[in-house]
Structure formats: C-alpha cells, structure tokens
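Two complexes come next, and they have one chain in common, chain A, joined by chain B in the first and chain C in the second.
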Partner chain A sequence: MNRKIKEKQSFIDWFINSNGATSVAVVLLGFLFGTILVALVGKKPSNMFKAIFISIVGQANNKGVWNFRYVGETLAYSIPYVLTGLTMAFACRVGLFNIGGEGQYIVGMTIAQTVALLIPAFRGQWILCLALAIVGGAIWGGVVGILKARFQVSEVVATIMLNYIALYGSRLISFQLPGATTYKTAPLPDTAMLEKVLIKTSNLNISFFIMLAACLLYWFIMEKTKLGFGFRATGLNKDAARCSGINVVKNIGLSMAISGAFSGLAGACVLLGGAFTSGRILAGQDNYGFMGIAVALVGNNTALGTLLAGILFGILKESQSLMQNLDIPKEITFIIQGLIVVFIALRSGLELVKQYRAKQKVRKEVLAK
Partner chain B sequence: MAEEYAIEMLGITKTFPGIVANDNITLQIRSNEIHALLGENGAGKSTLMSVLFGAYAADSGTIKIHGKNVQIKDPNFATELGIGMVHQHFKLVHNYTVTENIVLGKEPRRPLFGKSSPESKVNPKKGNFSLLSLGAAEKKVKQLSDRYGLSVDPKAKIDDITVGMQQRVEILKTLYSDSDIIIFDEPTAVLTPQEIDELMQIILRLKQEGKTIILITHKLKEIKQVADRCSVLRRGKYIGTVDVAKVSEEELATMMVGRPVSFEIEKMPSHPGKKMLEVKELCVKDSLGAEKVHDCSFEVREGEILGIAGIDGNGQSELLQALSGLTQPESGDILLDGKSIVKDDIRERVASGLGYIPEDRQKYGLVSGMNISENCVLKDYYTEKYSKIAGTLDFAKMKKNSDSLIEQFDIRSGQGSETLAGSLSGGNQQKVIVAREISLSPAVLLVAQPTRGLDVGAIEYIRKRIVAERDKGRAILLVSFELDEIMNLCDRIATISKGTIVGTFRSGEVTAEEIGLMMAGVKAKEAKE
Partner chain C sequence: MNMILGSLPTVLMIVAPILITAIGGMICERSGVVNIALEGLMGIGACAAASTHVLMESAGCGRYSLVIALLVGMIISGLFSLIHAVAAINFNADQTISGTGINLLADGVTIFASQILFHADRTREFRMGMVVDKIGLYPTAYIAVAVVLIAWFVMYKTPFGLHLRACGEHPAAADSVGINVKKIRYIGVAVSGVLSGLAGGCIVLTQTIQYTSNTINGRGFIAIAAVAFGRWTPLGVTGAALLFGAAQAFSVIATNFPALKVIPAEWFNMLPYAVTLIALIAFSGKDYAPQASGKPYSGGAS
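For the complex of A and B:
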C-alpha cells in the first residue's frame, strides 16, 4: 500500500520533470477539448477521429484495395512544418527568437523558382534549386544574426521587417520571370520537380528524406559537435560563454544562418513538391514560418520532438478535407492547434506545481521529526 | 516572574521550496539590549528577520512585541510597532537629499492656501493637493542627528556623501519614524575598518538612549565588541543564546559551525620567482564611459599571492574585466610572462595560461543549464583533448575528466557528472569553477571574491586550495572586499582606491587600520604615520 503511494508520487515527479511527457499530455488535452467542442456544436466527434485516423493509416476503397494516398499527403504536408520548426528550434537553443522563418521560406521559394525558370532545363536541376534556396535562407537569417551580434539590433524586430521585405521582394522578382501573370509564372520544368517516392499517388517526394536528414543534421550539430557545444553554452548563458572564451558574436551570426537555411529549404520543397505546376507570385504569406514556431514549441526544441510535432501538424492539415467530407467543420483543426499552443505556453504553470510539491515534501519531513 | 522582553519570536517555522529556512526557532530579545544574531550564510538569519519585519509570513509560530501577541502582515505595520531595519543594501534615492529620503512615503505637507494646521502635519495622508513642507522635517532630522552623534547634514545629496554616511541616513530613517527596536542586517559589509569602529560607537549610543538593537552578522569580532547577548542559528535551527561576556570567539565559532574551526590558514613563507603578470599604467572605462581604473600598475610573481584590498566599487571589477579580456582597456599594457596579451581575445589569454575565478559565479562562472561535466570543459572543449572525428566531442572523456575533478575537489552533487550546475549549492558551484580553473594549470590565476556567500567548510577548503596553488608556483591575484581574507591569505597587499593603487606592502608590514586608511584614499605615507 505504502509502496503504491510512493510509486504514484514518483510518477507525478517524473511527469512534471519530463518535457516530452508534458508535450504528449498537452497534445492529448488539445484533442480532448477539440472533441468536446465538436460535440457541443452537435456534430459527431467520432467522425473527427475517423478523419484523423484516415490521414494516419489510409483507407480502403470500395474494391477493398487499401489506399495510402492520404498517408502520403500527410507526410508531404509535414515536410515544411518540420523544417520551419527546426528553424525556430535551432535559434532558440542559441538563445535567439527567430520569427523570420516566413521570410527565409519566401526567399528560398523565390530563389528556387528563379533558378528553375531562368536556367535552361538539365537533369538534376532540382538539386541546384534546393542548394541555392538553402544558401538564400541562410543569408536571410545570417544578416539578422550579424545585425544582432555586432550592433545589438533586436532579432525579433529585424526578422519581422525582413519578412515583409522578402514578401514584396519576391513579388518584384517573380513578376520579371517568364510567363508571369498576376498570380503565377510559366510552368516549372520537370527537371526541377522533386521526384515522387514511396506512395506515388500522393505528393510525397524525395524532400521527405531530405527533411529527415535535416533533423539528423540538427541533432548531430547540436548534441554532438564542438560547434553545437558552443551554441548551447551561448544560448544558456551568454556571459559565462563569453567569459570562457567562446566567440559569442560568431555563434549568434552562424546560428541564425543555419537556422535560416532550414526555412529556405522548406520554401523550395513546397514549391517543387508537386502541389504547384508553375512558379508562384505570392499574394500573402503562406504562414509556414509562423507555424514553425508552434511546432518547435510543442517539440521542445529537440530534433525528434520537432519531427513528431511537425508530423502532427501535417496530420491535422491533411485531415481538414476529410473532415469536411464527414460533416465536421475543418476549422476544428485550427482550434486544436491553437489549444495545443496555449496549453504548451501554460507549461510554466508546472513550475508552480513543482515548487508546491517541494514545499509539501519538506513540510512532511519536518512534521515527521 | 518572567523577564521583560521587547521581542519574543516563539516556535517560528518557515519553509521555502526545498528547504526549511527556519525550523521551530525561538528568539527572545530583552528591552534595551544589543542582541547579536549569529549564523553562517544560509543559516536562516535573514529569513527570521524578514518574518519579524513582515516581509514573509511564517508557516507557524507566534510573535510578541512588548508582551503582546501581534500579527505582522507587512513592513508598514512593523514600522508602526516601532521596528526599524537598516538593510544591508541601502534603499536610498541617490539624487534626493538626506531629508527627502528620510521623509519618503510620509511626506509632511501643508495646505495650498492658508496656514498649516497642526493636524495636517500629524496626518500626512490628508490632502492630496497640498505642498511639501520640508522645513520642519529638516529640523527634526538635524535634532536626531545631533542627539545620537551622527553628524549628518540634512540637506546633503545622497550622491555626495560616503557609504558610511549613507548608512547613517538609513539609521536616521528608523529614528525618524520613532522606532525603538532597530535591526541591523550585516551592517559592516560595505564599511572600512574606521567606519566600522564609528558604527559600533553609534550602536552603543543608540543603546544608551534606550533603543533595543538586533545585530545580524557573521563577524565574531563585532559581536565581542558591542553585543550583550548572542543567539546562534545553524542550518535553520536555533542552537542557543549566550552572554557574550562569558564566551570566547572560538566558542562562538564552534556554536556557529558545529565543530571547532580555525579561520587562520596555515601557510609557509612564499618563495616568489620571476614576474608572471605585469600591469602597466592601465586605464579602464566602464560601460557608461566613466574611467574606473586609472594608471594602475602592479606585478605578481610566481609563487606568491598578491591581494587587492579595497571597498566595493573602487575599480576592482573593471580591473578584472580588463585583465580577463571581457573589456578592452583605454590604455596601458598587460604582460603575461613577459608577453603583452592586451590585444589577445579571451580564448587566446586562456590558452597562454590565464585563469579566472570570477566574482559573479552565476553570471560569468557557470552555465547553470549545463551539467558539471560540460561546465568543467567550458574553456578547453575545443582542444584536441576532447575531440573525436568530424568535429564531435568526446563525451566519455569529458565525463572521466569531471568524475576525477568531483573526486579531487569533493564536489557534492546528486547525480555526479550529470548534475546540472544550477542545482548545486553555492559552495559546490564555486568548487566546480575552482576545479575547472585549477585543472587548466594556469600560470596566472585571477581570483575575485572567492568565498563570498559560502559556508565555513567551503571557505576553509577554497582558501587552502588557493594557497596550494601558490605553493605549486602559480602567480595569484586575489581581489576581495573582506580585509580578513586579504590579511590572511596574501603575501603582498596592494590597496586600491578610486581605481588607483595607493600602496603595496608585504603582509606583516602593514596593519588592518593602515589598509583601512588607504582604502579611504589616504596616501600610503600618511597612512603609515
């Protein structure tokens, strides 16, 4: 009996001290509230879960053949979420708040379509598109890093401003591209498109593997290398890092560039991923960059966490159309995403729980004497 | 019959997350006595006084003032009960005058029109649209100052008066609000030896005039000097109350620490070798552009400890920042083993053999979100020693390194090398920093305030380590605001005042009083006379 109580307590301790466990709980809580809301507006919550279920495992058609197309779409959607999530997470670990993921994404996309349309088609052209998009995103982020490190310009203000510069700059450039109308350019050459993989009926393409590689690279740099050690020390205590001889100025500049590179890649992946057949003239922001902030938050700024959170957001996006077919308002997915972010932000409340429990524990010890 | 007590705190218990700051403490203070409250840092002295002053609510226990049960909910109520506190860190508005600071919050007013009625002075809260009337207050401050021999000018600006005078303004504040119980929280921490003597005289005078004094301190000498009785706290528990006249300093120390301790470090005479660190006419400005170090020159030799004595804020921090490479000096030169390092960045200085134990260990010493293993290699993680292929770190080697340092330096931690630095106690955090710096075997070691805020065990240990490093032939520069520490540890003592070295002497050639005078800016020659 006594032992049971002890185990129970240690479970609570483990739970509030584990970032991963609280993230999972927060996601479940988000779905719970979403379910209640669906029920309140008089729809069947089971249909909502059916849609989500289909987007995870697929569906059998009326001939009894299992159709994985939905799974493929889910994974395809998650690619930019994960990449922009890595943008936010990487900067966060170095103590920076990069909300310029959107701008870096737009720069990557614009460079990709410029390269695709202006350079004569050749085999493997998509590699050049992705590579230059990465460079573009890195420069767009790196500029902010240099401003921050050298001149103490707030990275928050600088990235917001650069988001707008990226958007309107992209429009200016894209209007000059061949075949430009008010909303699109000439068709993209096949050589620039990303090759479909695994589930050929969907838009799942080779960039899914590139995204996985990016996660691996993130983990490797951050957790394993000397460079990452310097980044982490800078992020956790800039003054102590500097006092220990770590080049904080260089780290801030470099980390913003790496951070931006992930979003630049995301922009190219979305453009060349099969959902678009021609170059885009953006009327507004796609919001992938901002969703990345939420993804990184839910994923605790770790590589694995960001990957899982990005896939979760991909699932919610794919299930939107399925929900509409099943008479569930698709807006519920936005509400669930919003709730998850709100609950994550409430996590600091757990600090109060921790303090209260520590106090109770000491009080018990005192009384036991 | 029961004695008459001014204050009785009975069975006070106060817990904070993770610790019991006060564990069933009983403190009884007689009327018109000087009662010392002795204990190490973290023994619970400040918490107990905060409970008395109404800043914290106790979990349990009762407080009686002059025999009456009271519930002290906030500091204002404590003031009404006649309790005043002179804080360790003064709470003064610097560009206000003495009188303005004293009346702050209870400003005397007179009506906008007509003559002031006696009533409006009694009740300062009355009438929001009224004029400030400082004349009467100034007179009262002057009277109080004369009566207690404080010699404070009521019209002087706080900015223009010395730290010792500022403390007197704090004392006047409590007197102005008619406190008959005055609490002094570590009052001598910021004073020169001369100012300390004067403060002791003032405290005795206050007693003569019928006040009850509580003196919070960990300095035994002061207790012997003025206190009537002394209550000792250790790790949140009440140890006992003694008549100061009947016990020796050693007995008090034993009560405070729980075992016999010696504050004197035994060390052999030094054998200084060649000059390892030379500072030549160094001038340093702070971030606001004010010159804080002016024409500062000295040298430290192999195998000796040079102490820099001085009052906080006389350029010590700026000097250390320039030496360690955190800031660039305006002019002058720094030579390490004969080579100028003034143009080198921090990493280059570390590589050429400069170690630094910073004053602010939380801010500059440790990354509290990293574990001990990572903190131990903060300065040399990039070297070959911890490298594996493709720029990766050898975590196994890092752990081996910190495991051995934990063993060698007796660092107490929950989960060994994996423990986050932020979750260690202050003494163990300092041990991690000392371990890291010493493990790099620097030729020159800069040490700033190495024992501030630590318990006696850790203080003894760290001082012994510093002496051991000296005996290995390292050149050590020790900056400390505690004169005892400087007198105790150093082979030579340089006194700094307003950013300039006033005089340098071999230890033993100079007394604490002479250093005190130099700290206050008196020239070396005059101080010696």
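For the complex of A and C:
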C-alpha cells in the first residue's frame, strides 16, 4: 500500500520534471479541447481525425487506395514550420525572444524571388537564391541582436516593428520586379525551383533534406561547440557568462543572426518549393513565423523536439483542405494551435506545483522528526 | 487647406480605434503586464460586434443594435483577455508566449465562429454601419476622446490610478502597503481587453461592412508601437496614435493629393513601425517603460 502511494507520487514528479511529457500532454489537451469544440457546434469530431489520419498515412478517401501524395505534402508543409521553429528555439536558448521569424521569413522570400527574377537563369540558380536568403534573414535578425545588445531595445518590440517593415518593404521591392501586377510577378525560372524528391507527385523537394541538415546543424552548434556553450551560458545567466569571459554582446548579436538565418531559408524554401509558379507580392503575413514560436515551444527548444513539432504542424496544415471537404471548418486547426500555445504558457504553473510539493516534503520531514 | 480639413473625418475614423486600443495597452502595461495580444483581442471584438449587429439587423431590431453590438464585442473580448490575465498573473507565465497564443487563437476562433454562424469564412454583410453626424465625424471619434480623458483622470487623479501605477513600477512596495497587486493587475488586463474589443467594434462598424480575417490587419501592433512611442503616458500615447493613424489614413487617401500620389502607400504603412524603432533606439538608456512591466509578481512574504 505504502509503496503504491510512493510510486504514484514519483509519477507526478516525473511528469512535472519531464519537458517532453508535459509537451505531449499540452498537445493532447489542445486536441481534446478542439474535439470538444467541434462536437459542441454539432459537427462530427471523427471526421476531423479522419482528415488528420489521411494526411499522416496517405490513405485516399473512401477508395481504399493509398495515395502518398498526402504524405509528401505533409512533409513539404512541415519544412517552413521546422525552420521557423529553429529560429525561435535558437534565440530562446540564448535567452532571447525572437518573434521576428515572420519578418526574417519575408526578407528571405523577397531576396529569393529578386535573385530568381533579376539574375539571368543558370543551372543551380536555386543554390544562390537559398544562400542569399539565408544572408538576408541573418542580417534582419542580427540587427535586432545589435539593438538589444548595444541599445537595450526590447527584442520583442523591435522584432514586431521589423516584421511589418519587412512586409511593406517586400511589397515596395516586389512591385519593381519584372511583370509585377498587384499580387504576383513574372513566372519564376525553372532553374530557381527546388528539385522534387522521394514522392514526385507532391511538392516534397530537396529543401526537406536541407531542413534535416539545419536541425543537425542546430544540434551540433548548440551542444557540441564552444560557441554553443557560450550561447547557452549567456541564456542561463548573462552576468555569470560575462564574468567568466564570454563576450555577451557578441553572442547576442551572433545568435540573433543565426536565428534569423533559419527563417530566411524558410522563406526561400516556401517560395521555390513548387506551390508558387511566380514571385509573390504579399498582401499580409503568412504566419509561418508566428507558428514557429509554437513549434519551438512544443519542441522544448531542442532539435529533435522542434522537428517532431514541425511535422505535427505540417500534418495539421495538410489536413485543412481534407477537413473542409468533410464538413469541418478548417479553422479548427488554428484553434488547436492557439490552444497549444496558451497551454504552454500555462505550463509555468507547474513550477508553482513543484514549489508547493517541495514545501510539503520539507514540512513532512520536519514533522517526522 | 480645404483638402486637409476635408480628410480630417477619415483620419479621425482611422485614428480612433488605434487610440482606444493603445490606451488599453498602456493601462495594462502600467499595471505591470505586457499585452501583445491586443491584435487578437481587437479581432475578437470586431467579429463579435459584426456578428451581433448582422443578426440583430436581420431580426428587425436595428435601432439599438449598434450600441449592443459594441457592448457584446467589449464583453467577449474582455472575457478572452482573462486567459492572458490568468496565465500572466496566477501562473507566472511568460507574457509574450501567452499573448502570442491568444493572437493565434483569435485568428482561429473568429473565422471558426463565422463558419458556424454564417457558413462562410467571414461574417455576413450588414446594411448600415455607424453614420456620421452634422460635422462629418463618426461617433467613434467622441468615444476615443472620452476614453482618453477618463483614462487620464483615473490614472492621475484617483487613488486607484496611483495604486495601478505603483503595481507597474514596484509591486513589492505596493504590496507592502496593502495594495492587492493581483487584483489591480487583473483589472489592468481586463480593461485592455474591453477597450480592444470596443476598438475592434469601432473598426468594423465604421470602416467596413463585415468581419474578415483582414479586418484588423496589424492595427493592434500599431497600438503597441504607439504605447512605446508615447512613452506610456496618456498624452504621449494620444500623440503617437494620432501620428500613426494619420500615416495609415494617408496611405488610403493619398490618391486625393496630387503631391502625395507619387509616394507608394507602403511608405505610409511602414511609417509607424520605422518611427517607433528609431524612437526606441533614441530613447535607449532612459527608462520610460514601467519598471516591473512584464515581470510576474508572486507575492513577497506570503
């Protein structure tokens, strides 16, 4: 009997202390609330899960045939989510809150389409597009880092401002590109498009491997290099890091630049990934940057977690059109994603539970004496 | 000159909601809670107001429906802001995360509600929004002036206002003299929610005929910029909102001015964000922001 209670308590302790377990719980809670909401408005929740199921395993509707196009699209959608997630995660590990993923994404996309349209087509042009998009994202992020480190400007406000400056700046530049109308430019050259891989019927392209490489690079920089150690030390305790000879100002600037680079890449990958045939003149934000915040939070800022969370968001995105066909408003996916972020914010409440339990434990020990 | 006077009603129509939201955001920050969910809360208020107005109009009770629509928008948006309050005040959550969560949630909830109520990704169009008075102004302009005056009076001329500012500057000191920090902060967040909802309703009832996912279009973030640029004081925020609102208005009406036609509208759209960013750099080092803003307070010796 006694032992049983002990085991139960240790489960709670394990749960509270395990980031992965609470992340899974948060996601499940998001889906639970979403399911309840769908049922409350008189739709069939089973249809929602059917759509999600199809976008995971690729079973085509009703016909019993397998259509891997759905799987390919799911993975293709997850590419920008993972990359913008890495943006947020990287900054978080250095103790910064980069909600400028959206702006860095727009800068990357704009540079990619400018390079694709203005430079005469040559073989492998896409490599140049991606490379310059990465540079653009890095600059857009690095500026915030410098403002933060040198002028103590809050990176949250600065990135919000830069998101919109990027949006309207992108419109100004894109209007000057060849063949620009109110919503698109001339067609993109074939040499700039990303090559399709694995599932050729879908838009899954080579940037999927680039995304996986980015995850690996993130893990390597953060966990295995001296630079990453400095980043993490800066994030954990700025003053201690400074005292032990780490250049905090440089680290903040550099980490925001690396963080922005991931989103810049995401912008180029979305543009050249096959969903668009011509350059885009953005009317509003694509929201990938903001979703990236959710992805990183669900993934606990680790490389593997961000990858898995990004794929989860890709599944939700791909299932949207399927849901609409099954009479489920596709906005339920946005609600689930929003709920997940709200629950993650509430997760800090577990800290209070931890404190309470620690207090109880001490009280028990004192009373036992 | 006539042209400038003639465009004044348009400018005020666009300034009013930004100003109302910014005042709400300012009160929230002065109580010590950062609210970047203003954008989402405006959307929720706008969607609720538009839906209420459409439904009441088609039910034949159009007479008071504008007022009721605004009230419903305020209440629902206020209730949503309580999510942020619980997260930020009770659970010591990261306020940027919970604000982002509400923004994402609002995108989904508003269009989801439209799908359920009107079977479309937007609310049904209403026939009559707000009408202008004799001098060509929408009632929203007067509402905005009233909100500013009341906010200034409450913040600087009442004990409650003093308590509110104390909670934003030094919650532990406020707590030690018997001020209920959590309660004050709850009120701060709720006020920002209610005012954002009011502003959302004002936008939808004056500037368009239905709620779509594009109705708010960054105005909540302009309000956040106005709070920072206005250095967290009612007068400053009013000035900033006027400047930013005028810039937004110019992007719409620039075509009426031959001299401004050559400038693309995007430059005016970009202005509030660029100006705020430059101002933040220029002000850097001087602390205008409330000291404890954004930091959770868990109570000293409880």
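The definition used in the following text is that the second predicted complex is superposed on the first by the 354 of 369 C-alpha atoms of A that agree within 3 Å, B and C clash if a C-alpha of one lies under 4 Å from a C-alpha of the other, contacts with A are read in each partner's own complex, and residues count from 1 in each chain.
Keep in mind that, in the parts below, a contact is a pair of C-beta atoms (placed from the backbone, for glycine too) under 8 Å apart; a residue touches a chain by one contact, two chains touch by 3 or more.
Quick caveat, the model's predicted, so the values are computed rather than measured.
J.: Sticking to the clash and touch definitions up top, decide whether chain B and chain C on chain A clash or fit.
T.: fit
J.: Which partner does A:L216 contact after superposing on A: first (chain B), second (chain C), both, neither?
T.: Neither partner.
J.: Decide which partner touches more residues of chain A, taking chain B and chain C as the two options.
T.: C
J.: Please work out whether A:S244 is in contact with chain B alone, chain C alone, both, or neither, and reply first, second, both or neither.
T.: first
J.: Using the touch definition from the top, say if A:K224 reaches chain B (first), chain C (second), both or neither.
T.: The first partner, chain B, only.
J.: Could you look at A:V353 and tell me whether it touches chain B, chain C, both or neither (first, second, both, neither)?
T.: Neither partner.
J.: So, does A:G338 touch the first partner chain B, the second partner chain C, both, or neither?
T.: second
J.: What is the angle, as a multiple of 10 degrees, that the CA centres of chain B and chain C span when seen from the CA centre of chain A?
T.: Given the fit on chain A C-alpha atoms, the answer is 70 degrees.
J.: Is A:A275 contacted by the first partner chain B, the second partner chain C, both or neither?
T.: neither
J.: Touching A:I99 in the superposition: chain B (first), chain C (second), both, neither?
T.: It touches chain C, and chain B stays clear.
J.: Aligned on chain A, what is the least Cα gap between chain B and chain C? Give it in whole Å.
T.: 6
J.: Once the two structures are superposed, pull the chain A residues common to the chain B and chain C interfaces.
T.: none
J.: Show me the residue ranges of chain A that touch chain C in the complex, using the header's touch definition.
T.: 37, 41, 97, 99, 147, 151-154, 156-158, 160-165, 168-169, 171-172, 175, 283-284, 287, 290-291, 293-294, 297, 329, 331-349, 351-352
J.: Can you tell me which positions in chain B touch chain A when the two form their complex?
T.: 13, 15-20, 23, 59, 324, 326, 345-350, 356, 358, 363-370, 374, 378-379, 381-382, 386-387, 390-393
J.: In their complex, what parts of chain A are in touch with chain B?
T.: Checking each residue of chain A against chain B gives 220, 224-227, 229-230, 232-233, 236-237, 239-247, 354-356, 358-359, 362-363, 365-366.
J.: State the interface residues of chain C toward chain A in the complex, per the touch definition above.
T.: 34, 36, 83, 86-87, 90-94, 96-98, 100-109, 111-112, 115-116, 121, 214, 217-218, 221, 224-225, 228, 264, 266-267, 269-270, 273-274, 276-277, 280-281, 284-285, 289
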